[in-house]
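Please go over the structures that come below.
There are two complexes below, and they share chain A, which is joined by chain B in the first and by chain C in the second.
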Partner chain A sequence: MTAVTPGEVTSRIRAPRITADWVRDKGVYIALVLLIVFNVLFTPHFNEFSNVQLIMRQVAAVLIVSLGMLMVIGTGGIDLSVGATMAIAGSVLGLAVSDGAAVSGGLGLDLTLSIILAILAGLLVGLFNGFVVGVLGVQPLVATLSLLVAGRGLALVLTSGGLVQLFIPGLNKLSVNNLWGLPYVIVIALVLVAIVAVLVRRTTFGYRLVAIGGNRRASVLAGLPVRRTIITVYALSGALAAIAGIIATARTHAADPSYLGLGYELNAITAVVVGGSALAGGKVRVLGTVAGAVLMQVLTSTLAAHNYKDSQTEIVQAAIIIAAVYIQRSSRSSE
Partner chain B sequence: MTATPGAVHVATDETGVTAGAARAKAFASLVSRSGAVAVLVVLLIIGAIFDKGFIHLDNLRNIALSASYIGLITAGMTFVIISGGIDLSVGSVFALGVLTSAFMSEYGSFWTIVVTLACCAAAGLLQGAIIAWLRLPPFIVTFAGLTAARGLVYYMTQEGNLVPKVPGHKSFETLGQGTLFTIGWPVWICLIVFAVGWWLLNRTAFGQAVQTVGGNDTAAELMGLPVKRVKVLVYVISGLCAGLAGILLTASSGGGNEARVGDQYELTAIAAVVIGGTLLSGGVGSMVGSLAGITLWFVIDNLVTQGLQFNPQDELVVSGGFLLVVVVLQTLLSRRAATVEVH
Partner chain C sequence: MTTANQQPTLSVLGASKRFAGVIALNDVSIDLWPGEVHALVGENGAGKSTLIKLITGVYQLDEGEVRYQGEVAHFRSPRDAQLAGIQTIYQEVHLAPQLSVARNVFLGREPHRWGSIDLRRMNRESAEILARYGIVADVKRPLGELGLGVQQMVAVARAVSADAGVVIMDEPTSSLEPREVDKLLNVVGLLKEQGVAIVYVSHKLDEIFRACDKVTVLRDGKLVSTGPVAELNRLQLISRMLGRDASDLETSRTQFGRDSEIAAEEPVLVVKDLARRLVLDDISLVVRPGEVVGLAGLLGSGRSETAKAIFGAMPLDAGSVTMNGHTYARNTPASRIHSGVALLPEDRKVEGIIPGMSIKDNIALASLDQLSRAGFVSRKKQDEIVDIFMKRLRIKASGPDQKVQELSGGNQQKVLLARLLCLNPKVLLLDEPTRGIDVGAKAEVQALVAELAAKGMGVVLISSELEEVVEGSDTVLVLRDGAALGSLFGDEISEDAIMTMIAGAAADESEAAH
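Let's look at the complex of A and B:
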């Protein structure tokens, strides 16, 4: 040990904390603020409230899926089946709410009951995932990959391969109406964000989730109910994906099992990772995930508003993902 | 499938007996490694007995031909997964190969092949370099690669509006449409790539390094292995394989492929590798298993759609369910092997 004056110590500690580490830790918020400032200054019509409402409507479904994905990733797992689960929920909703005359196999149920059925379907898919991962011990990537394939097939089987058009007043209300200027869907999303935030930060379940992601073996040895927690996490992810599926179905006025939720798993993973949670688990950031989902959506809107083509948007998005993960990786290794 | 319950049986019976336990472990690992081959043989026999159209030579040739493109991708994916990584970008890189070769085809076969392979190898090189030197998770990097390469393909085709046609070059067409002993060239090329892959993996220092890196990259680093170079190389191999598959598809279809080609191929390739007994956690795997895995995937597809006359949507359910059954069995078997070892 060489003698170090107190002044040197503080300057050594403080210098990286203010500059690099702070930026790394708050990276996603800084990027979001910068992007919004850019938009406010340079993008025509961005400041209009109708545009803000549009972005809220667009981001709601991805945001809800990301919340479930966040908890799954928190335990060190991954859920590739969320897009297929959305499709299943859409198909169940379509079948339950349409009457038998319009769609073969339609049940003609009340809308509320149909929505509950659709969410239950998602919960079941999630429970199944949780069972395969938690109890049978299959690696999450392949376990949920097989449901990605089979789940979309199931959704197609339910509707006999076609899409079910839904012009239900209640569903239309869900996608169009506002509460104090905020679209219903974003209100739902924000309520779910609050619930998940409380779950993760303030409950035993949340602590267990993070502990399992941090070190599964230690959690087992410490006597935590690892299996139950893992099953719960996947079940929640399935239920949240189902809610997102209902919202997406309402938005398109149709349950389209071929395309509903396609690619959502990767968008959700992106939102979680860009938001600063560790893909390896053990580090769960709810607000960061919200910021990550909003950031990717605003980025897409920005590039579209400035007449970038879809292809160029995709390339920029890829670069952003790499940059975001790189910045956060440096932060973790310096800890 | 027939051999699977037997393995569990042996393991339970002889737990505690050292020689028996060792034999049980060896047997369990043999089954989990060649399970795909066994299931494939069983399915072929069932198909031959119950489905008259299946055993017809034309049908078998078609299965082999349609499996050969994703087969090539699977060969590359095997290297990546054994090294402990994953490559989600292969479907998009395949599309890059298809369209690059279609655009290049007017300059002759040689330049088509060279430029296409160079492009796809570069895509692999870039991703591998980011993974190895910046130490980012392969899942995220190759997902970004998936997005970026697809974006590039759309950019090349003017947002998917341009569908390139291939002017007829005799040699280039032969590559895709020609046959040797009545079997298409893509099938032979796929088999050659698998053979070379087997040799690389099992008979060279590079293959040993790939397996060691996948088992434990810190240990590999301490042993003085060039971990970074190995990691970069496996992604280059994966890119090359995807590019080669793309060239063959262009050559056999004469162009006219749209920008969406190869969508979700990565999932089939990963599934085939896993069915073939390669562990997603890295370190262990076999080329023969992957070849059996991809063949199995297409044989099931053929039996379900042609033989049983199922709809495409039912086929998705069967394929997904089958994948699940295989991975569950494999997990249970390898866990059984592990507990036997502990005792």
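Let's look at the complex of A and C:
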């Protein structure tokens, strides 16, 4: 078998070195710090508190979606349906909270109950994904791609194809109010970050999801409840996407099934990968994902502030994704 | 053929290599002569792989030099070395399973005609090459459809057809049947006649004494000895590898004479008539507390499949598994583990370890439920149990947080054993527990198995090394083509008896065919 491998040796010494592994572990934080320093120096009004609050409001929804995506990717899967799930949650919320006179089919329910219904809708979508992937054994990409298409259709059907305007005081509060200067939505996102971090690091569920992503066959032979874990992961991703959908709905004062959450699946995958988690599964980094989501958001605002067009911004984002995936690959080959 | 005053094909002179300040290889020199089979042996961490990687351009030397065909060689990459005529054959076949055999033989150097691959010529020539080495295979079939042994031979054919000066074989026989090993060694003989210098890395002493001319022993990155194989006996060779006195090696043998005690016990595991079309044919066996039941047979005889079937990891057409008098309806690994059965799978990397996870998480993985409350894993409980098993199994690592993928094969295997022992099983199914691990770890694992059995655990032991089954088992069930040929008990167990049984069945079959 192998004699002395480099890994064996470095682990004995633990000398800090700039290696591909190190860049993958710390790269996202360094990039974020550099970007913030750049902004503080060169972008007018960047460090004004209102601007910081704005960035927080913008990043909350994608951050929440990324948390679910992180767990799904951790098991070696992927969830392309999160954007559509956001739209479904928005439509359910709109339908539940509006009264029948304003919107056809409106239920006129209390806001809290409506929000719970919207989250349950997301959970259901996730359970369906989990069933198709975990029990039927369909490839995650294909299974969730079908819902990416069908889910948005369902959201449109729910609202009879139109946009539902929502001027609900409670929803508006959710979107504009602050708690000790922190927007409500970012407080919600941070609480969810903390919950997911505990789930992943401290619970049997978290250990199992990482193991399944690391080596599924070995996990089966170690007697782990693989199906149950996979179903749970997709269900959580659906529920988190629904929460993000509610936040996005509140922000736009409307449930817009055509555009709500459009492209969020890609933003979430980007945040996860840029954050240093392995796209193939088995390596789950919660804080990295937070930094990844914030990095991409700050980058977008920076480029906008310096008058770059959206199309140019997208090219820069693409370059960062490629760099992140490249770093993952190069570190794997050095192992 | 060569004469004594010719130069070596390849010389390594005073090679040293450090990784992050730690010496992996220290001032090692060896000569590889044309037409010579040179065994390279040593425990894990001895420096074998490092030496090979220096020769093949994967690593660069810190000190010393490599001379190839009389000139100082600077291979910057494995491709450089390959182009110069240094071919390496790895333990696992590194080829493209979907492509045809012929495509694989010529992979990367396909003959072209009018801008496209000349399929006809490729098929013809690869068939010639394979025939030259006595390999029977349809060159148009996808490689992946062939047996592992044939795949390995194709890899050899591919390497040697490229005008090799040096062929390095890294444990080439670890997944081969004895018959296939014979074929491979024939090919090695042919290469020898062609004047190729062969480096043969192996843990199997039989093969070293049978096929090699010289042997170089490495230990802890240093050269222990290099010289003709004929000057050493087995015990001397083992003691050089381990750096122990030869007398210490006798300690890990199983004690016989417990047979009557074992026979008095009620069986803990009763397996009846396991059947699956084309795989298993009504296999039955009984394991009593403290008993080691060996499964003997050639590769593909259904040994591993039997273990998987008992463990609920393979769908069955018929059969039952009873633990402590209780027959479980559900055939899943999880329910078997619950009933007290644990499986050490055959393929450590693919079926066993979670490579990116730490040692402690790998160990705790199967017993998370016992180590947690309300779904929360108790770090304290986990650290305690991990600490116990890392010490008990002497897992060598920088600490419990080290990633399993960084460990040597022997230590990875110990991590998996620790994972099983955390479950406190009543029956252990061990599929190739010592494959691909160094001699020291092997002795430790064998001693552990004997110790566990002595304390009352039932064990099913599978090994492709007959010696291991013979020495470690109280009962041996001999398998062939998925069916049981018979059992041997206590004093009846010997390599001869097992081989006679297998050979007898083969003779019957060929008679029946006439």
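Observations on the structure shown:
What we mean here is this: the second predicted complex is superposed on the first by the 313 of 335 C-alpha atoms of A that agree within 3 Å, B and C clash if a C-alpha of one lies under 4 Å from a C-alpha of the other, contacts with A are read in each partner's own complex, and residues count from 1 in each chain.
Going forward, a residue touches a chain if its C-beta (ideal position, glycine included) is under 8 Å from a C-beta of that chain, and two chains touch if they have at least 3 such contacts.
No experiment lies behind these values; they were computed from the predicted model shown.
By the document's definition of touching, of the two partners only chain C reaches A:283; chain B does not. With both structures placed on the common chain, the touch criterion links A:218 to chain C but leaves chain B unconnected. With both structures placed on the common chain, the touch criterion links A:270 to chain B but leaves chain C unconnected. Of the two partner chains, chain C is the only one that A:207 touches; chain B does not reach it.
Contacts of A:95 after superposition: neither chain B nor chain C is touched. Touch criterion not met for A:125: it reaches neither chain B nor chain C.
Common to the chain B and chain C contact sets on chain A is no residue at all.
On the side of chain A, the complex with chain C involves touching residues 1-15, 17, 202-205, 207-208, 210-211, 214-215, 217-225, 278, 282-283, 335. Residues 19-22, 24-25, 42, 44-51, 91, 171, 203, 218, 221, 311, 313, 332-334, 336-338, 343, 345, 350-357, 361, 364-366, 368-369, 372, 375-377, 397-398, 402-403, 405-410, 419, 436-438 of chain C are the ones that touch chain A when the two sit in their complex. Partner chain B is touched in their complex by these residues of chain A: 78, 132, 136-139, 141-143, 145-154, 156-157, 161, 266, 269-270, 273, 279-280, 309-315, 317-319, 321-322, 325-326, 329, 333.
Those residues of chain B that touch chain A in the complex are listed here as 86, 130, 134-137, 139-141, 143-148, 150-155, 159, 267, 270-271, 274, 280-281, 311-321, 323-324, 327-328, 331-332, 335.
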